[in-house]
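First subunit A sits with subunit B, and in the next complex the same chain sits with subunit C.
Moving on to the complex of A and B:
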């Protein structure tokens, strides 16, 4: 087989694909990938003339699937949430008594505050009927139920609850306020913004001649590679203010275009900066999720590339 | 998972006929024996630092038996419920796993197809370079792991190539 070194590489890149799918082939190809098969391979391969090369290179286009990876974790589904809740309750129920003496020195003010904050369990008294069974208390804990450890609030916490703004942002004692997962860009549905849909992967698509597509570029010169062309082309249409990382130099998909033109797709991630359309031929651009891409793309185009586009 | 469909975290004590549906507490007292006070008295032989010995004593001041909660006794219905929940979760995880594996397989085939098309496209150099193994390729430092809530500055919009050179 000719795919020797490629298969090893891809197997590595895919990582989690079932072992049996590629491992036997990959290992069996390792020795041959070094010298022997390549040389025999190239023996049967006739190098094209410069004109033929230029002709064939003009029929190859480098497409770019540029994505912004998720910034926040995916939304927890109702089933997941209830399962996590159940497990947490079970764990709390089976937890050993909180080792108070480990955290608070005996007789200290901190221990006193902690004691005050705790809920006192009902003591068992002889001759009293208890509806939920006779209390079983050891070390101040009702052993039949989960222990609820209440952390006493700091005194100043109530006072400065409203001062989570600018002035004391460097203060160690400031209250931690989590940032919202829904941003301004989400509310205004600004598709050109990179700070929208934080829990999803966004893909860059551009509008040319009234059709939405992933950006694609022709190869320049005699030696430019696919991933080089994709990165170069992106900067030509979107400016240099983008930090991107090409996942691999191997194309991830191919689409046969009109007139024997083949479009090979290279995957890349944007790490910083933004795309700003500087060429007039770009009518519009957008950062969209998978479902939104489905609406924008031509049906066949979407279906061909569907497995490459991440659902999350 | 054991044969009852329960994780090791909770296991039914089927060996005792009088408590059909019961779940033992996960920890046993015997595991705490090595933290017993007696060992600390024997002149800490360089094994633990003074503060570690203090912490050890603090934790083992009360015997484990008094800190363990009561055994969780589930009735048959509760046990059935527990098993159902656990199996449903396992099934859910399997579905996710299968879907992911299937998608990876599809992606693999697409790469394969693309490489074959590239090979027959005429420029063999392009194919050779594209399928060359990249040794020592690493994820960039700037790529961050998703967190539960976003950072204060959600996205760095201003970036110039000089910034990369500085680093």
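Moving on to the complex of A and C:
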């Protein structure tokens, strides 16, 4: 809901922004006598004629950088993993002793089961050589090492109720098994699938006239704003079966092309649904990571947009 | 007192503060730490080891695993936030500040500063032009609980403290009454409850438990109220005793908890104004509801 409010507010802001962009566009083409009348600083803003408006609007294009944000955390590198392990070991060593009496009522069945599941520490006996040092036990805890708390599993009572092979998928007692990080789409290298490369940001690119680019659309009518054009254009090439969220009506990048045409890029995220290409509009489409974009794009085009493409 | 505006004023103490014994514990000697003689006895030596060294007895490991929310912030939220909070052709804006006394008169010593000009009593922060260097981040989260039954039964702070420790996995500190309120039988120094300040992994764990497990289970929850916020980027929300039951740590052995108390959660951000803080927090699956008031100074 707050996002709606913000969208409205940003919409107002864009009115201001697009006008300032528009006026810089217009001043380069309109005779100097008209330019002074356009200037708001002198307090007399004169609306441009429909012809002037259409001419300047035809020189603006709304590009769209549509991304699918990472779904899972990035892969941990071996060095990071060993560092995390070391820190975890230290943390567990410094932890307080598990307050058993708080969680299990004395003499209850639950306490009995918990006690049975625990591994007893080695007792200190005089005259015995201990390879790992003399045990230092306080309240049933070996104080020199981390405390291993074993939680008695409910599955052990009836193994069939909690089977991991998914026999009873509706059972609340079933064991939670994580899905693999490498999906079917990764194995088959299906670039049209949104379920590939789960730990990376994927970008939608389309192929038109044998060139791979981010989608780009012209402004329609006299009042359509950049982000509105981007949202409308996306539905025209990819159908209405997706939910997208436009991050801001402020463009994130600009490419000044040939013939004084400027292409402003609007940033957006796909939240649900699928992009289903409409064949009459585009030749092909793909969801790619940053490295893959570099291979597909023209060198100059990639280098201009490289700063706004996420590394991860 | 020394080196300030009112340097000429006579200090009515026997020894000047600058003449007390000081020591530098780190090289290079760029600042000095004041010490007392008993600090120098051998049993105090461990305190000289920095807290972030594993040698120190106060050391606690901080980076024990990957931080899911931090990764999300770095990969997605930060760049979006820069775009959303960007304002075209914006300039730095100074906030309203309290006004110090000039120091012309000796009576100005220790006189409290005047409130800011206008009808606002609280000073506001300066708003700087948004760049990638000053993006709002969540600095810390405070969870606090007041229990008014502590006035009559002082031991009631114990379940409050244990509850906070359970849901945040951090040791809480006690809160004391600041002044006497005779109609409530409250005296200065009485224990009123407990609070815990979270940062790092403990903070992000708490926020994700809140946004993924607790708040979705509360039937009446529509979102954090848009009226919440202290005007300088800190947003707070409240949970009732019934809401606390949804925390998995409490739910696992719910029968143990005879009495639970509600709590206030304050999310401290580095944003200068509340709307920027709301934009950041809404990126962490914490929705907002109601009409949002945009301050005129934004």
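Quick note on the criterion: the second predicted complex is superposed on the first by the 252 of 312 C-alpha atoms of A that agree within 3 Å, B and C clash if a C-alpha of one lies under 4 Å from a C-alpha of the other, contacts with A are read in each partner's own complex, and residues count from 1 in each chain.
What we mean here is this: a residue touches a chain if its C-beta (ideal position, glycine included) is under 8 Å from a C-beta of that chain, and two chains touch if they have at least 3 such contacts.
Note that the coordinates shown come from a computational prediction; the quantities given were computed from them, not determined experimentally.
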When the two structures are overlaid on chain A, which partner does A:267 contact: first (subunit B), second (subunit C), both, or neither?
-> second
Quick one: classify A:248 as touching subunit B (first), subunit C (second), both or neither.
-> both
Who does A:129 touch here: subunit B (first), subunit C (second), both, or neither?
-> neither
Could you tell me if A:88 is touching subunit B, subunit C, both of them or neither one (first, second, both, neither)?
-> second
Is A:102 contacted by the first partner subunit B, the second partner subunit C, both or neither?
-> both
Between subunit B and subunit C, more residues of subunit A are touched by B
Just which bits of subunit A does subunit B share with subunit C as contact spots?
-> 2-3, 5-6, 9-10, 16-17, 69-70, 73-74, 80, 83, 90-91, 94, 102, 248, 250, 252, 308
Enumerate the contact residues on subunit A facing subunit B in the complex.
-> 2-3, 5-6, 8-10, 12, 14, 16-18, 21-22, 42, 45, 47-48, 52-53, 55-57, 59-60, 69-74, 79-80, 83, 86, 90-91, 93-97, 99, 101-102, 136, 138-139, 141, 143-144, 146-147, 178-181, 183, 194-195, 198-199, 219, 223, 225-227, 240-243, 245, 248-254, 262, 264-265, 269, 271-274, 307-308
Sites on subunit B touched by subunit A in the complex = 9-10, 25-27, 55, 58-59, 61-62, 64, 66-70, 72, 85, 88-89, 92, 100-101, 103-108, 110-119, 121-126, 129-134, 139-140, 142-144, 146-152, 154-161, 163-164
Would you pull the subunit C residues touching subunit A in the complex into a rising list?
-> 54, 59-66, 68, 71-72, 74-76, 79-80, 83-84, 86-89, 162, 223, 226, 253, 256, 275, 278-279, 282, 287-292, 294
Please give the residue numbers of subunit A that touch subunit C in the complex, ascending.
-> 1-3, 5-6, 9-10, 13, 16-17, 20, 69-70, 73-74, 76, 80, 83-84, 87-88, 90-91, 94, 102-103, 201, 247-248, 250, 252, 267, 308, 310, 312
